[in-house]
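Just so it is clear, A, B and C label the chains in written order, and each chain counts residues from 1 on its own.
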Amino acid sequence: MGSKKSKENLVKMLNIHKWFGKVHALKGVDFEVKHSEIMGLVGDNGAGKSTLIKVLSGFHRADEGEIYFEGEKISITSSLEARRLGIETVYQEQALASHMSISRNIFMGREPVKSLGFLNKKVMNEESMKALESIELHLRSPDTLIAMLSGGERQGVAIARALHFKAKLVILDEPTIALSIKEAREVLEFIKQLKKEGITAIFITHNLYHVFPVAERFVILNRGEKVADVEKEDTSIDKLSELIVKEPLAGETL
Amino acid sequence: MAIRRKKIYLLSMAILVGLFISWVVSPIALAVTPPDVDPEKSVEDMYFRLVTHGGDDPFWAVVHKGMLDAAKELGCKADIDLCGGDLALQQKRFREAVAMGPDGIAVVINDDTAWDKPVEDALVRGVNVIGINNDDKEGAKGNARICYIGQSERRAGLMVARRLFEKAKELGWDLTKAHVAMPVEVPGAMYGVVRAQGVQDAMKEYGITSFEIIDAGGLEASTVEARETSYLLGHPETTFMIGLGGICTDRITDSLKATGYGPGEILGGGFDCAPGTLTGLKEEYMVATIDQQQYLQGYLGVYVLYLMKKYGFAPNIDTGGYLVDKETLARVVEELSPLHIR
Amino acid sequence: MPLINLKMSYIHKFFSYRAANTLIVFVGLILFFAFFTPRHVFVNPRNITSLSKLMPDLGIVALGVGMLMICGEFDLSVSSVLPLCAFIFISLLKVNINPSFALCITLGSGALLGLLNGIITVKGRIPSFITTLGTMMFWRGILYVGSHMWPIGLRAYLPPGSVFEHIFVGKIGGIPVQVIWFIAFAVILGIILHFHKFGNWVYATGDNKLAARAMGINTDRTKTICFIIVGVLCAFVGILQILRMETFGCTQGIGFELKAIAASVVGGTFLMGGIGSMMGIFLGAITIQILENGLILMRVPVFGISAFIGLAIVLFVILNTYIERRRTR
């Protein structure tokens, strides 16, 4: 298992095209994620980063192109299938049910049960506390409602959930958007913990100041095209921001 | 064919004669517009329509049945509109019925002004219109309908209340301390208001002053029973309970039992012959109920419209106020109720 | 220190319990009526018996409707499904079918009617408010045509005193069996809702459908199953009412659709879904009926009673919203 893993990239997307009607949202994007790396996927609003990630998480289907996961060619048709492969997506607003407890959220849809489908609350509570602690998120009780948590803590719960279910790839879709500075810093700490656990993550954002300290590599999209793919050592925030806003040749807009 | 028509003719004459003998015929049957008569028209080609406000009520099922039976006997066609108390809808149905050019329409006149013009217009267009079930307060003076078939609700309320009070008098009760509870399904609906007035007329005759009209909470039987029971428990001064509608009357017996009253401790009465009411009469929780004989409203509605078209008859007929008590129960109601005639 | 913590946690737990406010109001109402009704007639055994005989009718329906509301959907068709199932039941007895078998068929019909509501809602992607408004009218029309609106007496087809009848409307030690059914249904549905994984799906579906779906919950199936539960409960109550009143009437269940929603809301269920508890719905269903009963016993003019009930429902919702907001702040 180990040898194959180290040779191949975890995810490889080749020549991905996506049209929405007449809008060409992705124009032949090549995209790779290595094992156990935190990769920053950066771009301005409408650059195509969400579309690309939705293709990977089974929400959209690519019109053209190939996707490889752990070296095997796959076609992802639903988010359920993506999850089965080990791809977890942490969406901004779609991740948690706010009037349910932490443990019920973490095990939503994958409840540990005793006989006849009854919830094993003991396991749920213990495991969810363990999952939270693994990303250094210390909350009082697994029965706390999500609505009582701060925005940062909520993201933490969603990340802990991905971690608990041994996701191979965690996609963080704008995890710091709409958060206060303090909360955003919390979330960045969770992401660092993710790396310690050896989990691969794609961090999507348009905020370079959030992604730069945690990611090791950056892919920049601009108007549906990949304009850069650089290691952190070879670049700086200033260089990256230039690439993000650079006006490409006249083309269609999103 | 001819034999059959003769039979029908004889039958209808027999009924009319019977009606003249047994029922009061209004002396002021002044039809302003003479009915449209066509003696040549075959009964098979005739079409009549009943436009009613009825709906969520077994009551109207019996009217419907009467209409169907009459149409079957005569060999004509007839339909009924049930509008669920929606006056606007009923008026729309009426206009539609007029536009179809039927040989006659029987309409429930449940508003004193809203029906004045529609009925006149229909008569001008040569469609015979009669009233059934409910009439204009001023009768023929208030509405141009050619005649009316139905019961006087006020008189019916008076009759049933009188029977209850008379029974109490026989038992030697002090009527000055009596309290009359009157549950009604739909507060404010015409039937309840007018029947309650009839009950109050009787109260005056017997010197009873204390009464309350109870909002029984609609047509749903559990709600009605819950409210009647609660009322009886909370108002031990109650001596009479008179249901102003069929469902309220039906639930009185069970409510009395639930409250712990024995037969005859509180006198019950009301309207219609629903199964619970009949049980109450048998077990003597109920003293009397008014059978509206609404079958006749449907049945005679069709027959009168037929005779009107054929010969120009225009009788006013009071179908109501048949007082059912324990004695008349078996003979009159129990045999016919299962057939949906009572 | 640990003792204080323990105490605090109990108090905290009680107030974090969703039905806590309904329970407080419920107990308050009972005490109020017990003390202030003339001659304490509220706690008179006759009143209690009468309440426990009549309350389950609406109560059992409300349990299902409330659970469906937690799932984020409405069912207005209960007021037509109930009498339609009752009609099916008595029609089966009419053609000499064994009562137990007729019971099974009727409950099955209720399930089918619920399934239909569910399928139309999730496949047609329309609000269940509209779906069930449509089916409410449709089935009522079918019922009127089918039954000719004639009441049908039970006694011609089922002699009194049968065991079958005792199971549904008899008495055990002076307690009407109906109330035992009501409690049994509340306990069963409560266990499913709070301790079974299906309950977790119900909450998740009602709270955040997108999240539930992203986490692999089949929200369409969850909703449909809730609709089926409502249908079965309606069928059950339809039969219960026939056996109690010894007659089928086509006005059975009229008005239940909104009263069941009111009961659920009083019990702390939110109209948008995702919030509520079986205990709350159970207490809510009792509370609105006790309120009516108590007010009449207090000799409030019965003509104006609707005003009090309307006021109470609105106050309850304001209270629930306020407490929920406090809790999640």
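Criterion: contacts are C-beta pairs under 8 Å (C-beta built on N, C-alpha and C of every residue); 3 or more make two chains touch, one makes a residue touch a chain.
Keep in mind that this is a model prediction, so the values were computed, not measured.
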Chain closest to the assembly centre - both centres taken as Cα means: C
Distance-maximising chain from subunit A - centres being C-alpha averages: B
Mean-CA-position distance for subunit B and subunit A (Å): 73
Subunit B and subunit C, separation of their C-alpha mean positions in angstrom: 36
Euclidean distance of C-alpha centroids - subunit A vs subunit C, Å: 43
Subunit A residues within the subunit C interface of the complex: 79-80, 83, 89, 91, 93-100, 104, 107-111, 113, 116-119, 121, 143, 145, 147-148
Subunit C-touching residues of subunit B, taken from the complex the two chains share: 56-58, 60-62, 64-65, 82, 187, 212-215, 217-223, 225-227, 229-231, 233-235, 247, 254, 258-260, 274-276, 279, 338, 340
Interface residues, subunit C side, partner subunit A - complex: 16, 191, 195-201, 203-204, 207-208, 210-217, 274-275, 327-329
Complex contacts: residues of subunit C adjacent to subunit B: 37-38, 41, 44, 46-47, 49-51, 53-55, 57-58, 144, 148-151, 153, 156, 241, 245-247, 249-256, 289, 292-293, 296-299, 301-306
